[in-house]
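Input: structures, listed below.
There are two complexes below, and they share chain A, which is joined by chain B in the first and by chain C in the second.
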Partner chain A sequence: MNAASSGPRALTLRILRSSPTEGIAPHWQDFHVEEAEGMTLFIALNEVRETLDPALQFDFVCRAGICGSCGMLINGKPGLACRSLTRDLGALITLAPLPVFELIGDLSVNTGKWMRGTAERLETWIHSSQEVDLTAVETPMEPELAEAIYELDRCIECGCCVAGCGTLRMREEFVGAIGLNKIARFRLDPRDERSDDDFYQLIGDDTGVFGCMSLLACHDVCPKGLPLQTQIAFLRRKMAASGA
Partner chain B sequence: MDSSFDSSGIARPLAPVRPLPEAAARQAQAVPLRVRKSRWPARLDLLQSASGLFLALFLVGHMFFVSSILISKDAFYAVARFFEGAYFLAEPRPWLVSGVVGLVLTVFVAHAWLAMRKFPANFRQYKVFAEHKAQLRHGDTGLWWIQLWTGFALFFLGTVHLYGMLTQPELIGPYESADRIWTGNMWPLYLLLLFAVEVHGSIGLYRLALKWGWLEGRDPAATRRRLRVAKTAFSVFFLGLGLASLLAYVQLGIAHADKAGERYVPQRAAAVKLGELEFAVSRRPGG
Partner chain C sequence: MRIIYTDVLVVGGGLAGLRAAVGARRRGHDVIILSLVPPKRSHSAAAQGGMQASLGNTVKGEGDNEDVHFEDTVRGSDWGCDQDVARLFVHTAPQAVRELAAWGVPWNRIKAGDREVIMDGKRVTLTEGQAAHGLIAARDFGGTKKWRTCYVSDGTGHAMLYAVSDQAVAESIPVHERMEAVALIHEGGRCHGAVVRNLVTGELTAYVAKATCIATGGFGRIYRVTSNAVINEGIGAAIALETGAACLGNMEAVQFHPTTIFPAGILVTEGCRGDGGLLKDAAGHRFMPDYEPEKKELASRDVVSRRMEEHIRAGHGVKSRFGEHLWLDITLLGAAHIDGKLREVKEICQHFLGIDPSRDLIPVRPAQHYSMGGIRTDARGHARGLKGLFACGEAACWDLHGFNRLGGNSVAETVVAGMLVGENMADFVESAAGELRVSTALVRACLDAEQAKLDTLLHGNGTESGAELMRRMQDIMTDKVGIFRTGELLHAAVEELQGLLLRSRRIGLRTRRPGGNPELVTAYRVQKMLKLALCVAYGALQRTESRGAHFREDYPRRDDASWLKRTLATWQDDFQTLPTLAYEALDVASMELPPGWRGYGARNAIEHPATAGRAAEIDAIRSAFGHADRFTVQQALMPFDHLIPARFRGRNARPGETS
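Right, the complex of A and B next:
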């Protein structure tokens, strides 16, 4: 309560630096910044880059938790830097790039490449035999259904669930919660003509839904609060019924 | 239009781990193979859960039966003879117990075999998971690690116990069991087994509910919190019951040490009222 009287905190950002292209091996480097009112890690990192080290690499676009580019390990836990207030963290904050994804440098990783691979592998687009008439008015959808699809569509592909999943860390061929969530999303969509048997072809094995060990870190770290726990359990029931 | 790629990754289980995008990209270009995916992953997952559930339910029953020693020696004696069919057959048949143990052992081995698929397959996986767990400090991730180690311990602890019961079913009784536990030096094994199995079983049941979405209700987050409380309560209750029972056997075993090997003869060798039925409990297996 008397934070004002004791002055702003001096924060230490301990950042895992590296540059695979320049052959710089990972090492920790400390940066000191003074905490400001309502400071996010996005603001703190920008301050570091502006005043201390212009070479520091990290990704941001929207700074509002929408684009999904600023995922990183914050004190070991995956999260969005732009949505993390420094006042919720201690004076020493460790930042590391998300694991699993291809490292670009420092805190920057190539989530896009991984996401694209997953999309292609799981065919996360609408499969329809209907010719699309771009001039026609779209067939209306029940608001509840549209709402349910939208709920799962809120995924911003930040990769936090991927980095949080112990199963995926051990077995990188596992599709992860984001992949399963996407299948759940297209399964709901009436425009997608795929049946459970078709989905079984995609996720009916130990690299798919049966590989999930229900550790639920994905659910707990998802910054968008997606219902990953219930969606994975639901898919598991459907796929078990389809396969048994 | 329909998905026609064969399984990803698993079709080449020996391929080195590589970044997903390339693997996935290659999949996308592959000539569609009309290979139907095996039904077995679904069945194995169901079997793993079913075997775990069976073992956990058996465990619950088992703990109550064994704890009848806390009531009296006669109560335990009656329970032991009951499972030999003493109350509905002409005479007790210990091989009935062997039969039940055989079934449990079969399920136990099947469960262990299925669960082995989830163990870290090599040192790299082991190290990655251990580091991940330390870094994430996440409750359910830590629980899985405990389940892994308790499960591993059960390979040995459970097998020794089950083998003993399988081969010496007639030696289950107040003195017989107490002698085995104290004079036969089984108590350290039983102590470890008790902790391993109760912790493993309670986490297993908790995970089972989350995994299949049982009891989800309207507020899954609240359910998960409640399940966690239930899990802890399960562990604590059965650990308490188990420790009390084990202590009772140890005390009995110490008291009976100089007469170790002597069989128990019930106090009231006539009949005991169990529910509405009169059961003759004095009949010994094999006369």
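Right, the complex of A and C next:
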């Protein structure tokens, strides 16, 4: 396994290609690259585009695991390509676009449209009737509460939980773990004046928290390690109480 | 011909653009945002350590106020900034933090009582008072006298971007994603909007607007080694340059961040050092106190980066197969601190280096990080030379940062400038000057011209490779227009870049499809990026002094007598191969803080002839006002209230400060 003694590995990237705008149906295509020290899928895919196929489509922005642009199926499992080191993968790596989202082409999908839809549907902003005086000293908040809100605020909307969700295959309108986590985040935030009854209106049915089949792949694939399992369970209990 | 009309067109969906859009929308105007990517993917999300605002809540921030923040910022800029703008900024920053708090940003909060922190390598106990409990906390950052950087763990930019982006959704502001402005529509010194390319279909659309705002961030990707996201290619600044009317200011002022992981160039926050982390060399020696006894690891970024490279040159770097680096040691902060306050840093170390920063040292080396230069605007964010064009955030040379930006002042600038420019654009749209008088013939001509350029690339018989030119440009910039500059290196860089620019007119493509074509995108972007690279390199060659991040080994002194001025670059004719440079003098006689020593770094500036006179004048004003409050004195030194939009004029309250 020591790369230095046996020379660099020859990697095969097996990529699911397609172009809906040009009517090119999905098909697998193999690209061969030589592995380098510290190589990530970001580096490998850019090498393919620069040297083998300048038309290959994929999305990277921060390339540091922060922005959530590069979610894709890596050997069948949703993950962030930018921080996937090739040394952790076999010599044959299959890459496919995330399912559920509208396909743009090759590995690029339209997560933006889906996430904006979620934000509008669940109204993922602070609902407050207070006019805040910006020159006044801010309202205090318990330090632990601020940290607990940030814990849920760390979602990067990469779409991995959506792509891994079993429920979404059956219920297209399901809000997904990302949507439920957002509700949990705003529910925790005292600056948001919405009550549990308000949140029940948003997620109190089969397209919301009662639709989840608890397969919980979302929890396993979340690159940020968000506590999705406990949040969904907790919300279900609260919403059941609210709807009763 | 597709035309979309709106009151305000904002190009760029990062923090600056989003905040400006929300401001204009709340004044009742129609706004459309264009973004290369979904807005929450913008590079603002990568800001880790925090945003400066003089709340003065924490015990280490006691006595902080606008005056202290102002002086830190001006010294940080090496006197290159616009002092009116610095005043506007420090005044508005506390309001920005508090607005974001109301919008849901989970700022870290102060816990009353004792806590242990690491300062200067030693464990120290700080005691926060009961009155501060639950107020917004702050950490230490480089080049500041007080702990002033408000933060959300080390995901500050992420939390801010999500809050502001969700406000834009709440305001029903449409964001047209995967859309790229490739040219501005303008005539007779008035901007009328932009020609925009759909990155999925390749289709061009004209967006016609009363006011257009460029908020596209920096241009770090003209360098090979950069912390910047791959979308930070400076196309917004480039299309302003290509108007020949607007100009770019101080493009040679490029910041190199001391701590990016080696060799990937991914940022680890200045908060690592702010929270007590140390820089060490191959022998494990903490070397910064040897060079900078006053501020050590927490001198300004330009100074720390230079000292690190100097130390490597002196033979103290750690040798690796990729080259030399130094170590960032945060092991002394402990696992609990790192797990809570530096978690992104921890994730980055785990995923990209396979190390645990609570036990292992982090390999770091400076890399390109920030563009102080950009579209030159006035204090209201209105572009010089082109009415109806505004710019804010890193894309602008508003000029808050001069020749070196302080850590924590950029993410603060995005929201502060957004707040101000949003109001200023609304004022403009409501004024007589804001009326739209544009001919569809002009719009058609602009669309046709851009389509013709794309068709030439797609169907012409060029033979050059855009990707190859891009690589070469990035190599030249990193190797020859970096931290240490010389006339010889810069001259060579300018020559080579001109050659690349000529070659970029003959790019040919292998992929001829009009939409979803990354090869085409690289081709038209590299043509524009080469112009920016030439502005940087040529501006650096001409500036025969050292100021802030611009360091000339052949001219190592800051020369206020000859160079207390801002470089202005224009590109009137597409067939030029060099920008036209002009200079805008900074007026010492109206400065609140005349040039002097920064308190760190070299102490060898050549004095401006007006400095002594202005310093005496300021002393006289201060003594004449005797016991007057600080606002009255400031007003007498350099009035700036008239530049603040009415809704932001109030005085910032602080705990323990009686007006």
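Note that in this section the second predicted complex is superposed on the first by the 238 of 244 C-alpha atoms of A that agree within 3 Å, B and C clash if a C-alpha of one lies under 4 Å from a C-alpha of the other, contacts with A are read in each partner's own complex, and residues count from 1 in each chain.
The criterion applied here is as follows: contacts are C-beta pairs under 8 Å (C-beta built on N, C-alpha and C of every residue); 3 or more make two chains touch, one makes a residue touch a chain.
All figures in this text were calculated on a predicted structure; none of them were measured in a lab.
Using the contact criterion defined above for the overlaid structures, shared-chain residue A:K113 touches chain B and also reaches chain C. When the two structures are aligned on the shared chain, A:R154 is found in touch with chain C, with no touch to chain B.
Residue contacts after overlaying the shared chain place A:E138 against chain C, while chain B stays out of touching range. Touch criterion met: A:T40 reaches chain C, while chain B stays clear of it.
By the touch criterion stated above, A:R237 is placed in contact with chain B alone, chain C being left untouched.
When the two complexes are overlaid on their common chain A, residue A:L216 makes contact with chain B while staying clear of chain C. Comparing which residues of chain A touch chain B with which touch chain C, the overlap comprises 113, 116, 120, 123, 128. Per the touch definition, chain A reaches chain C in the complex via residues 19, 21-22, 37-38, 40, 49-50, 54-57, 59-69, 83, 85, 104-105, 108, 111-113, 115-116, 119-120, 123-126, 128, 130, 132-143, 146-147, 149-150, 153-154, 156-157, 186, 189, 191-192.
Across the complex, chain B is touched by residues 73, 76-77, 99, 102, 113-114, 116-118, 120-121, 123, 127-129, 164, 166, 169-173, 193-195, 198-202, 204-208, 210, 212-217, 220-221, 227, 229-230, 233-234, 236-237, 239-240, 242-244 of chain A. Note for the complex: chain C touches chain A at residues 37-43, 45-46, 55, 94-95, 97-99, 101-104, 106-111, 133-137, 152-153, 155, 158-159, 162-163, 166-167, 169-170, 175, 177-178, 200-201, 229-231, 263-264, 266-267, 321-322, 340, 344, 347-348, 351-352, 354, 467, 509-511, 513, 515-519, 522, 648, 650-655. Across the complex, chain A is touched by residues 1-5, 7-10, 17-25, 27-28, 36-39, 41-46, 117-118, 120, 125, 128-129, 132-133, 135-138, 140-141, 144, 207, 210-213, 216, 220, 224 of chain B.
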